[in-house]
(Lines give C-alpha, C1' and ligand atoms only; values in the text may rest on other atoms or scores of the structure.)
Protein backbone atom coordinates (compact mmCIF):
# COMPACT_ATOMS: atom_id res chain seq x y z
CA UNK A 1 0.00 0.00 0.00
CA UNK A 2 1.39 3.36 -1.01
CA UNK A 3 1.10 6.24 1.38
CA UNK A 4 -1.01 9.13 0.22
CA UNK A 5 0.56 12.22 -1.29
CA UNK A 6 -0.86 15.67 -1.72
CA UNK A 7 -0.78 17.13 -5.20
CA UNK A 8 -0.91 20.69 -6.47
CA UNK A 9 -1.64 21.78 -10.03
CA UNK A 10 -0.40 25.26 -10.91
CA UNK A 11 -2.41 26.77 -13.76
CA UNK A 12 -0.83 29.78 -15.47
CA UNK A 13 -2.35 29.71 -18.94
CA UNK A 14 -5.44 31.60 -20.11
CA UNK A 15 -8.59 29.73 -21.18
CA UNK A 16 -9.57 28.48 -24.65
CA UNK A 17 -6.23 26.98 -25.63
CA UNK A 18 -7.88 24.08 -27.39
CA UNK A 19 -8.54 21.19 -25.03
CA UNK A 20 -5.99 22.23 -22.39
CA UNK A 21 -8.54 22.98 -19.66
CA UNK A 22 -10.50 19.78 -20.26
CA UNK A 23 -7.33 17.71 -20.08
CA UNK A 24 -6.11 19.60 -17.04
CA UNK A 25 -9.38 18.93 -15.21
CA UNK A 26 -9.25 15.25 -16.23
CA UNK A 27 -5.77 14.87 -14.74
CA UNK A 28 -6.69 16.73 -11.59
CA UNK A 29 -9.84 14.66 -11.09
CA UNK A 30 -7.86 11.46 -11.68
CA UNK A 31 -6.00 12.30 -8.48
CA UNK A 32 -9.25 13.08 -6.65
CA UNK A 33 -10.74 9.80 -7.92
CA UNK A 34 -8.10 7.91 -5.94
CA UNK A 35 -8.91 9.96 -2.83
CA UNK A 36 -5.61 11.81 -2.67
CA UNK A 37 -5.71 15.40 -1.51
CA UNK A 38 -5.38 17.71 -4.51
CA UNK A 39 -5.21 21.49 -4.65
CA UNK A 40 -5.14 23.81 -7.62
CA UNK A 41 -3.61 27.27 -7.82
CA UNK A 42 -4.58 29.76 -10.51
CA UNK A 43 -1.73 32.19 -11.19
CA UNK A 44 -0.98 34.90 -13.75
CA UNK A 45 -3.17 34.50 -16.87
CA UNK A 46 -4.54 31.29 -15.34
CA UNK A 47 -6.97 33.39 -13.30
CA UNK A 48 -8.84 34.27 -16.51
CA UNK A 49 -10.10 30.70 -16.48
CA UNK A 50 -12.12 31.56 -13.38
CA UNK A 51 -13.90 34.55 -14.84
CA UNK A 52 -17.62 33.90 -14.59
CA UNK A 53 -18.81 36.11 -17.41
CA UNK A 54 -17.52 34.20 -20.44
CA UNK A 55 -20.15 34.72 -23.13
CA UNK A 56 -19.50 32.15 -25.81
CA UNK A 57 -22.42 32.58 -28.14
CA UNK A 58 -21.08 33.04 -31.63
CA UNK A 59 -17.53 32.15 -30.60
CA UNK A 60 -17.92 28.43 -31.18
CA UNK A 61 -16.19 27.73 -27.87
CA UNK A 62 -17.09 25.39 -25.05
CA UNK A 63 -18.06 27.04 -21.74
CA UNK A 64 -15.60 26.32 -18.95
CA UNK A 65 -17.67 27.23 -15.89
CA UNK A 66 -19.65 23.94 -15.75
CA UNK A 67 -16.45 21.96 -16.21
CA UNK A 68 -14.63 23.85 -13.46
CA UNK A 69 -17.53 23.20 -11.09
CA UNK A 70 -16.54 19.51 -11.12
CA UNK A 71 -13.62 20.57 -8.90
CA UNK A 72 -16.09 21.40 -6.15
CA UNK A 73 -18.26 18.37 -6.83
CA UNK A 74 -15.37 15.91 -6.42
CA UNK A 75 -13.99 17.62 -3.32
CA UNK A 76 -10.79 19.01 -4.74
CA UNK A 77 -9.32 20.14 -1.43
CA UNK A 78 -8.46 23.71 -2.17
CA UNK A 79 -9.02 25.96 -5.17
CA UNK A 80 -6.68 28.90 -4.71
CA UNK A 81 -5.96 32.02 -6.70
CA UNK A 82 -3.21 34.54 -6.20
CA UNK A 83 -4.53 37.88 -5.00
CA UNK A 84 -2.03 39.91 -7.06
CA UNK A 85 -2.81 38.00 -10.26
CA UNK A 86 -6.48 38.89 -9.86
CA UNK A 87 -5.78 42.51 -8.88
CA UNK A 88 -3.39 43.10 -11.83
CA UNK A 89 -6.23 42.07 -14.14
CA UNK A 90 -8.95 44.01 -12.33
CA UNK A 91 -10.73 40.75 -11.53
CA UNK A 92 -12.74 40.61 -8.35
CA UNK A 93 -12.60 37.43 -6.27
CA UNK A 94 -16.38 37.69 -5.88
CA UNK A 95 -17.12 37.37 -9.57
CA UNK A 96 -15.44 34.00 -10.17
CA UNK A 97 -17.03 30.71 -11.21
CA UNK A 98 -15.85 29.07 -7.99
CA UNK A 99 -15.21 30.26 -4.48
CA UNK A 100 -11.44 30.46 -4.12
CA UNK A 101 -8.97 30.75 -1.31
CA UNK A 102 -6.98 33.92 -1.91
CA UNK A 103 -3.23 33.67 -1.47
CA UNK A 104 -0.93 36.68 -1.33
CA UNK A 105 2.08 36.44 -3.65
CA UNK A 106 4.34 36.31 -0.62
CA UNK A 107 2.48 33.21 0.62
CA UNK A 108 2.70 31.31 -2.68
CA UNK A 109 6.21 29.75 -2.34
CA UNK A 110 5.54 28.24 1.10
CA UNK A 111 2.06 27.11 0.05
CA UNK A 112 3.42 25.27 -3.01
CA UNK A 113 6.24 23.80 -0.95
CA UNK A 114 3.66 22.22 1.36
CA UNK A 115 2.79 19.61 -1.29
CA UNK A 116 4.39 16.30 -2.28
CA UNK A 117 3.78 16.57 -6.03
CA UNK A 118 3.59 19.74 -8.12
CA UNK A 119 2.35 19.76 -11.69
CA UNK A 120 2.91 22.93 -13.67
CA UNK A 121 0.52 23.39 -16.53
CA UNK A 122 2.65 25.78 -18.57
CA UNK B 1 26.19 13.02 -0.35
CA UNK B 2 22.88 13.95 -1.94
CA UNK B 3 24.14 13.42 -5.48
CA UNK B 4 24.79 9.75 -4.82
CA UNK B 5 21.17 9.00 -3.94
CA UNK B 6 19.37 6.72 -6.36
CA UNK B 7 15.88 7.99 -7.10
CA UNK B 8 12.73 6.88 -8.84
CA UNK B 9 11.41 9.38 -11.38
CA UNK B 10 8.09 9.84 -13.13
CA UNK B 11 8.37 12.01 -16.25
CA UNK B 12 5.39 13.64 -17.91
CA UNK B 13 5.73 15.05 -21.43
CA UNK B 14 3.10 17.55 -22.56
CA UNK B 15 4.49 18.82 -25.87
CA UNK B 16 4.73 17.51 -29.42
CA UNK B 17 8.31 17.12 -30.67
CA UNK B 18 7.41 19.10 -33.78
CA UNK B 19 6.57 22.42 -32.11
CA UNK B 20 8.68 22.60 -28.98
CA UNK B 21 11.99 21.52 -27.54
CA UNK B 22 10.43 20.14 -24.35
CA UNK B 23 10.16 16.51 -25.48
CA UNK B 24 13.79 16.47 -26.57
CA UNK B 25 14.79 18.02 -23.24
CA UNK B 26 12.89 15.25 -21.44
CA UNK B 27 14.65 12.65 -23.59
CA UNK B 28 18.09 14.08 -22.74
CA UNK B 29 17.14 14.32 -19.07
CA UNK B 30 16.02 10.68 -18.97
CA UNK B 31 19.22 9.51 -20.69
CA UNK B 32 21.31 11.38 -18.12
CA UNK B 33 19.21 10.10 -15.21
CA UNK B 34 19.61 6.49 -16.39
CA UNK B 35 23.37 7.00 -16.90
CA UNK B 36 23.55 8.18 -13.29
CA UNK B 37 21.86 5.04 -12.01
CA UNK B 38 18.38 6.46 -11.38
CA UNK B 39 15.17 4.62 -12.19
CA UNK B 40 12.46 5.90 -14.52
CA UNK B 41 9.19 4.34 -13.35
CA UNK B 42 7.05 5.82 -16.10
CA UNK B 43 7.27 8.21 -19.03
CA UNK B 44 3.74 9.53 -19.39
CA UNK B 45 2.68 11.32 -22.58
CA UNK B 46 -0.20 13.75 -22.10
CA UNK B 47 -1.72 16.69 -24.00
CA UNK B 48 0.11 17.09 -27.36
CA UNK B 49 2.88 14.95 -25.87
CA UNK B 50 1.08 11.88 -27.25
CA UNK B 51 2.38 12.94 -30.70
CA UNK B 52 5.84 11.71 -29.61
CA UNK B 53 4.61 8.21 -30.42
CA UNK B 54 3.78 9.01 -34.03
CA UNK B 55 6.22 7.79 -36.64
CA UNK B 56 7.02 10.59 -39.06
CA UNK B 57 6.73 9.96 -42.78
CA UNK B 58 10.21 11.47 -43.02
CA UNK B 59 11.50 9.18 -40.27
CA UNK B 60 15.26 9.21 -40.16
CA UNK B 61 17.66 8.36 -37.41
CA UNK B 62 17.11 11.72 -35.68
CA UNK B 63 13.37 11.26 -35.44
CA UNK B 64 12.38 11.49 -31.77
CA UNK B 65 9.83 8.64 -31.89
CA UNK B 66 12.62 6.35 -33.12
CA UNK B 67 14.95 7.55 -30.39
CA UNK B 68 12.23 6.90 -27.77
CA UNK B 69 11.76 3.37 -29.14
CA UNK B 70 15.49 2.69 -28.97
CA UNK B 71 15.76 4.06 -25.42
CA UNK B 72 12.76 1.98 -24.33
CA UNK B 73 14.34 -1.15 -25.84
CA UNK B 74 17.72 -0.58 -24.19
CA UNK B 75 16.44 0.34 -20.74
CA UNK B 76 13.03 -1.29 -20.51
CA UNK B 77 11.36 2.12 -20.24
CA UNK B 78 7.60 2.19 -19.87
CA UNK B 79 6.35 4.72 -22.44
CA UNK B 80 2.64 5.26 -21.80
CA UNK B 81 0.23 7.40 -23.83
CA UNK B 82 -2.84 8.66 -22.05
CA UNK B 83 -5.68 6.94 -23.89
CA UNK B 84 -8.12 9.86 -23.84
CA UNK B 85 -5.48 12.37 -25.03
CA UNK B 86 -4.51 9.94 -27.81
CA UNK B 87 -8.15 9.31 -28.76
CA UNK B 88 -8.80 13.04 -28.87
CA UNK B 89 -5.97 13.42 -31.40
CA UNK B 90 -7.03 10.43 -33.47
CA UNK B 91 -3.93 8.37 -32.66
CA UNK B 92 -6.01 5.72 -31.02
CA UNK B 93 -9.46 4.58 -32.11
CA UNK B 94 -12.58 5.00 -29.99
CA UNK B 95 -12.18 1.32 -29.05
CA UNK B 96 -8.66 2.00 -27.77
CA UNK B 97 -6.84 0.30 -30.66
CA UNK B 98 -3.59 1.97 -31.67
CA UNK B 99 -4.39 1.77 -35.42
CA UNK B 100 -0.74 0.93 -36.18
CA UNK B 101 0.32 4.56 -35.79
CA UNK B 102 2.47 4.11 -32.70
CA UNK B 103 6.23 3.59 -32.72
CA UNK B 104 7.49 0.38 -31.02
CA UNK B 105 7.77 0.59 -27.25
CA UNK B 106 4.81 2.93 -26.71
CA UNK B 107 1.65 1.60 -25.13
CA UNK B 108 -1.78 2.90 -24.25
CA UNK B 109 -2.59 3.58 -20.63
CA UNK B 110 -4.55 5.92 -18.45
CA UNK B 111 -4.31 8.66 -15.89
CA UNK B 112 -4.72 6.04 -13.16
CA UNK B 113 -1.31 4.64 -14.08
CA UNK B 114 0.19 8.10 -13.81
CA UNK B 115 -1.33 8.64 -10.34
CA UNK B 116 -0.14 5.21 -9.25
CA UNK B 117 3.41 5.83 -10.48
CA UNK B 118 3.49 9.25 -8.78
CA UNK B 119 2.76 7.55 -5.45
CA UNK B 120 5.75 5.23 -5.91
CA UNK B 121 8.12 7.91 -7.22
CA UNK B 122 10.60 10.14 -5.42
CA UNK B 123 10.49 12.84 -8.07
CA UNK B 124 7.87 13.90 -10.61
CA UNK B 125 8.89 16.20 -13.46
CA UNK B 126 6.72 17.70 -16.17
CA UNK B 127 8.17 18.83 -19.48
CA UNK B 128 5.87 21.27 -21.16
CA UNK B 129 5.90 24.26 -23.46
CA UNK C 1 10.21 20.93 0.41
CA UNK C 2 12.07 23.04 -2.11
CA UNK C 3 11.26 23.60 -5.75
CA UNK C 4 13.32 23.33 -8.94
CA UNK C 5 11.82 25.92 -11.27
CA UNK C 6 12.34 25.30 -14.98
CA UNK C 7 12.13 28.40 -17.16
CA UNK C 8 12.03 27.47 -20.84
CA UNK C 9 10.72 30.59 -22.58
CA UNK C 10 12.73 33.56 -23.81
CA UNK C 11 12.20 36.56 -21.50
CA UNK C 12 11.87 38.74 -24.60
CA UNK C 13 8.80 36.76 -25.61
CA UNK C 14 7.21 35.67 -22.33
CA UNK C 15 6.96 36.97 -18.78
CA UNK C 16 7.80 33.47 -17.48
CA UNK C 17 11.18 34.42 -16.01
CA UNK C 18 9.95 37.42 -14.00
CA UNK C 19 6.83 35.49 -12.96
CA UNK C 20 8.98 32.64 -11.74
CA UNK C 21 11.45 34.84 -9.85
CA UNK C 22 8.51 36.52 -8.09
CA UNK C 23 7.27 33.16 -6.77
CA UNK C 24 10.53 31.37 -6.01
CA UNK C 25 11.15 30.65 -2.35
CA UNK C 26 14.23 30.51 -0.17
CA UNK C 27 16.16 27.33 -0.92
CA UNK C 28 14.59 26.87 -4.37
CA UNK C 29 16.63 26.68 -7.58
CA UNK C 30 15.91 28.05 -11.05
CA UNK C 31 17.20 26.40 -14.20
CA UNK C 32 17.14 28.41 -17.43
CA UNK C 33 16.82 26.02 -20.36
CA UNK C 34 15.68 25.88 -23.99
CA UNK C 35 14.88 29.48 -25.03
CA UNK C 36 14.94 30.36 -21.35
CA UNK C 37 18.76 30.55 -21.60
CA UNK C 38 18.40 34.01 -23.18
CA UNK C 39 17.57 35.14 -19.63
CA UNK C 40 21.23 34.56 -18.73
CA UNK C 41 22.56 37.27 -21.07
CA UNK C 42 24.49 40.17 -19.64
CA UNK C 43 23.92 43.79 -20.71
CA UNK C 44 20.28 43.29 -21.71
CA UNK C 45 16.88 44.31 -20.40
CA UNK C 46 16.58 41.49 -17.87
CA UNK C 47 20.19 41.26 -16.67
CA UNK C 48 19.70 43.39 -13.58
CA UNK C 49 16.58 41.55 -12.39
CA UNK C 50 18.30 38.20 -12.86
CA UNK C 51 21.56 39.32 -11.21
CA UNK C 52 19.65 40.65 -8.20
CA UNK C 53 17.70 37.41 -7.85
CA UNK C 54 20.91 35.39 -8.17
CA UNK C 55 22.17 37.09 -5.01
CA UNK C 56 19.70 35.02 -2.95
CA UNK C 57 18.53 32.30 -5.33
CA UNK C 58 20.45 29.47 -6.99
CA UNK C 59 20.05 30.23 -10.72
CA UNK C 60 21.68 27.91 -13.26
CA UNK C 61 21.80 27.72 -17.03
CA UNK C 62 21.70 24.55 -19.12
CA UNK C 63 25.01 24.63 -21.03
CA UNK C 64 24.01 22.46 -24.02
CA UNK C 65 21.13 24.88 -24.74
CA UNK C 66 23.54 27.85 -24.51
CA UNK C 67 25.91 26.20 -26.97
CA UNK C 68 23.05 25.28 -29.30
CA UNK C 69 22.18 28.98 -29.49
CA UNK C 70 25.77 30.10 -30.01
CA UNK C 71 25.93 31.98 -26.71
CA UNK C 72 29.44 32.13 -25.29
CA UNK C 73 30.65 32.72 -21.74
CA UNK C 74 31.60 36.35 -22.33
CA UNK C 75 28.01 37.32 -23.13
CA UNK C 76 26.58 35.79 -19.94
CA UNK C 77 26.01 36.94 -16.38
CA UNK C 78 29.08 35.62 -14.59
CA UNK C 79 27.26 34.83 -11.35
CA UNK C 80 25.06 32.12 -12.90
CA UNK C 81 26.44 28.59 -12.78
CA UNK C 82 26.25 26.36 -15.84
CA UNK C 83 25.13 22.74 -15.72
CA UNK C 84 24.95 19.95 -18.26
CA UNK C 85 22.22 17.26 -18.23
CA UNK C 86 23.97 15.39 -15.38
CA UNK C 87 23.80 18.62 -13.38
CA UNK C 88 20.13 19.02 -14.31
CA UNK C 89 19.45 15.53 -12.91
CA UNK C 90 21.36 16.42 -9.75
CA UNK C 91 19.23 19.56 -9.31
CA UNK C 92 16.10 17.42 -9.67
CA UNK C 93 17.43 15.06 -7.00
CA UNK C 94 18.21 17.93 -4.64
CA UNK C 95 14.76 19.56 -4.88
CA UNK C 96 11.62 17.59 -4.09
CA UNK C 97 9.27 19.50 -6.41
CA UNK C 98 9.55 20.88 -9.91
CA UNK C 99 7.51 23.45 -11.81
CA UNK C 100 7.83 24.65 -15.39
CA UNK C 101 7.33 28.29 -16.39
CA UNK C 102 6.73 28.88 -20.07
CA UNK D 1 -39.10 9.61 -31.32
CA UNK D 2 -41.18 7.51 -33.67
CA UNK D 3 -40.74 3.85 -32.72
CA UNK D 4 -40.86 2.91 -36.38
CA UNK D 5 -37.89 5.09 -37.18
CA UNK D 6 -34.60 3.20 -37.02
CA UNK D 7 -32.18 4.47 -34.35
CA UNK D 8 -29.23 6.32 -35.84
CA UNK D 9 -26.23 4.83 -34.08
CA UNK D 10 -22.48 5.27 -34.47
CA UNK D 11 -20.13 2.33 -35.04
CA UNK D 12 -19.74 2.00 -31.28
CA UNK D 13 -23.52 1.72 -30.79
CA UNK D 14 -23.94 5.18 -29.26
CA UNK D 15 -26.78 7.47 -30.34
CA UNK D 16 -25.54 9.89 -33.01
CA UNK D 17 -27.97 12.74 -32.35
CA UNK D 18 -28.34 13.26 -28.61
CA UNK D 19 -31.20 15.75 -29.18
CA UNK D 20 -33.41 12.99 -30.54
CA UNK D 21 -33.26 11.19 -27.17
CA UNK D 22 -36.44 10.58 -25.20
CA UNK D 23 -37.63 7.87 -22.84
CA UNK D 24 -38.79 5.59 -25.62
CA UNK D 25 -35.40 5.96 -27.28
CA UNK D 26 -33.76 4.96 -24.02
CA UNK D 27 -35.82 1.74 -23.94
CA UNK D 28 -34.73 0.93 -27.48
CA UNK D 29 -31.08 1.78 -26.80
CA UNK D 30 -31.18 -0.48 -23.74
CA UNK D 31 -32.59 -3.29 -25.90
CA UNK D 32 -29.54 -3.07 -28.21
CA UNK D 33 -27.36 -4.14 -25.27
CA UNK D 34 -29.82 -6.62 -23.83
CA UNK D 35 -31.04 -4.58 -20.87
CA UNK D 36 -34.67 -4.18 -19.78
CA UNK D 37 -34.93 -0.90 -17.93
CA UNK D 38 -36.18 -0.98 -14.34
CA UNK D 39 -36.61 1.95 -11.96
CA UNK D 40 -33.13 1.22 -10.64
CA UNK D 41 -31.67 1.60 -14.16
CA UNK D 42 -33.66 4.75 -14.74
CA UNK D 43 -32.28 6.33 -11.58
CA UNK D 44 -28.71 5.91 -12.86
CA UNK D 45 -29.56 6.93 -16.43
CA UNK D 46 -31.28 10.11 -15.20
CA UNK D 47 -28.36 10.76 -12.89
CA UNK D 48 -25.77 10.65 -15.69
CA UNK D 49 -27.94 12.84 -17.95
CA UNK D 50 -28.28 15.39 -15.18
CA UNK D 51 -24.55 15.20 -14.42
CA UNK D 52 -23.70 15.83 -18.09
CA UNK D 53 -26.10 18.77 -18.25
CA UNK D 54 -24.68 20.30 -15.07
CA UNK D 55 -20.96 19.91 -15.76
CA UNK D 56 -20.68 19.49 -19.55
CA UNK D 57 -18.33 16.64 -18.64
CA UNK D 58 -18.32 12.87 -18.54
CA UNK D 59 -16.44 11.13 -15.74
CA UNK D 60 -14.13 8.14 -16.04
CA UNK D 61 -15.25 4.83 -14.54
CA UNK D 62 -13.77 5.53 -11.12
CA UNK D 63 -15.15 9.06 -10.89
CA UNK D 64 -18.54 7.77 -12.00
CA UNK D 65 -18.81 5.49 -8.97
CA UNK D 66 -17.72 8.39 -6.77
CA UNK D 67 -20.28 10.70 -8.34
CA UNK D 68 -23.12 8.19 -7.88
CA UNK D 69 -22.01 7.75 -4.29
CA UNK D 70 -22.17 11.50 -3.69
CA UNK D 71 -25.60 11.95 -5.20
CA UNK D 72 -27.36 8.66 -4.45
CA UNK D 73 -25.49 7.33 -1.45
CA UNK D 74 -23.16 4.46 -0.56
CA UNK D 75 -25.64 1.67 -1.30
CA UNK D 76 -25.73 2.69 -4.98
CA UNK D 77 -22.32 4.27 -5.39
CA UNK D 78 -20.36 1.04 -5.49
CA UNK D 79 -19.10 -1.26 -8.21
CA UNK D 80 -21.18 -4.27 -7.17
CA UNK D 81 -24.50 -2.47 -7.36
CA UNK D 82 -23.68 -0.69 -10.62
CA UNK D 83 -22.25 -3.78 -12.33
CA UNK D 84 -25.38 -5.66 -11.27
CA UNK D 85 -27.45 -3.17 -13.25
CA UNK D 86 -25.08 -2.76 -16.18
CA UNK D 87 -22.99 -5.93 -16.48
CA UNK D 88 -21.25 -4.71 -19.66
CA UNK D 89 -19.79 -1.66 -17.89
CA UNK D 90 -21.86 0.78 -15.81
CA UNK D 91 -20.47 4.07 -17.11
CA UNK D 92 -20.37 3.03 -20.75
CA UNK D 93 -23.83 1.52 -20.79
CA UNK D 94 -25.48 4.19 -18.64
CA UNK D 95 -24.16 6.79 -21.12
CA UNK D 96 -25.27 4.69 -24.08
CA UNK D 97 -28.82 4.39 -22.76
CA UNK D 98 -28.83 8.07 -21.77
CA UNK D 99 -28.06 9.01 -25.37
CA UNK D 100 -24.78 10.66 -24.35
CA UNK D 101 -21.46 10.34 -26.17
CA UNK D 102 -19.06 7.58 -25.29
CA UNK D 103 -16.96 8.81 -22.35
CA UNK D 104 -13.32 9.58 -23.23
CA UNK D 105 -10.86 6.89 -22.26
CA UNK D 106 -13.70 4.38 -22.17
CA UNK D 107 -12.84 1.31 -24.25
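Labels for the chains are A, B, C and D, by order of writing; each one numbers its residues from 1.
The definition used in the following text is that a residue touches a chain if its C-beta (ideal position, glycine included) is under 8 Å from a C-beta of that chain, and two chains touch if they have at least 3 such contacts.
Predicted model only: the values in this text are computed from it and were never measured.
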Next on the checklist: Measuring between Cα centroids, which chain is at the maximum distance from subunit A?
Outcome noted: D
Item to check | Interchain centroid distance [CA atoms averaged], subunit C/subunit D, Å | outcome: 50
Item to check | Where subunit A and subunit C are represented by their mean Cα positions, the distance between them in whole Å | outcome: 26
Checklist entry - Which subunit C residues reach two or more other chains? => result 96, 98-100, 102
Checklist entry - Which parts of subunit D, given as residue numbers and ranges, touch two or more other chains? => result 60, 62, 104
Checklist entry - Got the subunit B residues that touch at least 2 other chains? => result 84, 88, 110-112, 124, 126, 128-129
Item to check | Pairwise touch network: line, ring, star, complete, or other | outcome: other
Item to check | Complete list of chain pairs which touch one another | outcome: A-B, A-C, A-D, B-C, B-D
Next on the checklist: Show me the residue ranges of subunit D that touch subunit A in the complex, using the header's touch definition.
Outcome noted: 54-57, 59-60, 62-63, 66-67, 70, 104
Checklist entry - In the complex of these two chains, what residues of subunit D are touching subunit B? => result 11-12, 60, 62, 102, 104-105, 107
Item to check | subunit C-facing residues of subunit B, complex | outcome: 2-3, 5, 7, 9, 20-22, 25, 28-29, 31-33, 35-36, 38, 123-129
Checklist entry - Can you list the residues on subunit C that touch subunit A in the complex? => result 1-3, 6, 15, 19, 22-26, 28, 96-102
Checklist entry - Across the complex, what residues on subunit B touch subunit A? => result 12, 14, 46-47, 84-85, 88, 110-112, 114-116, 118-120, 124, 126, 128-129
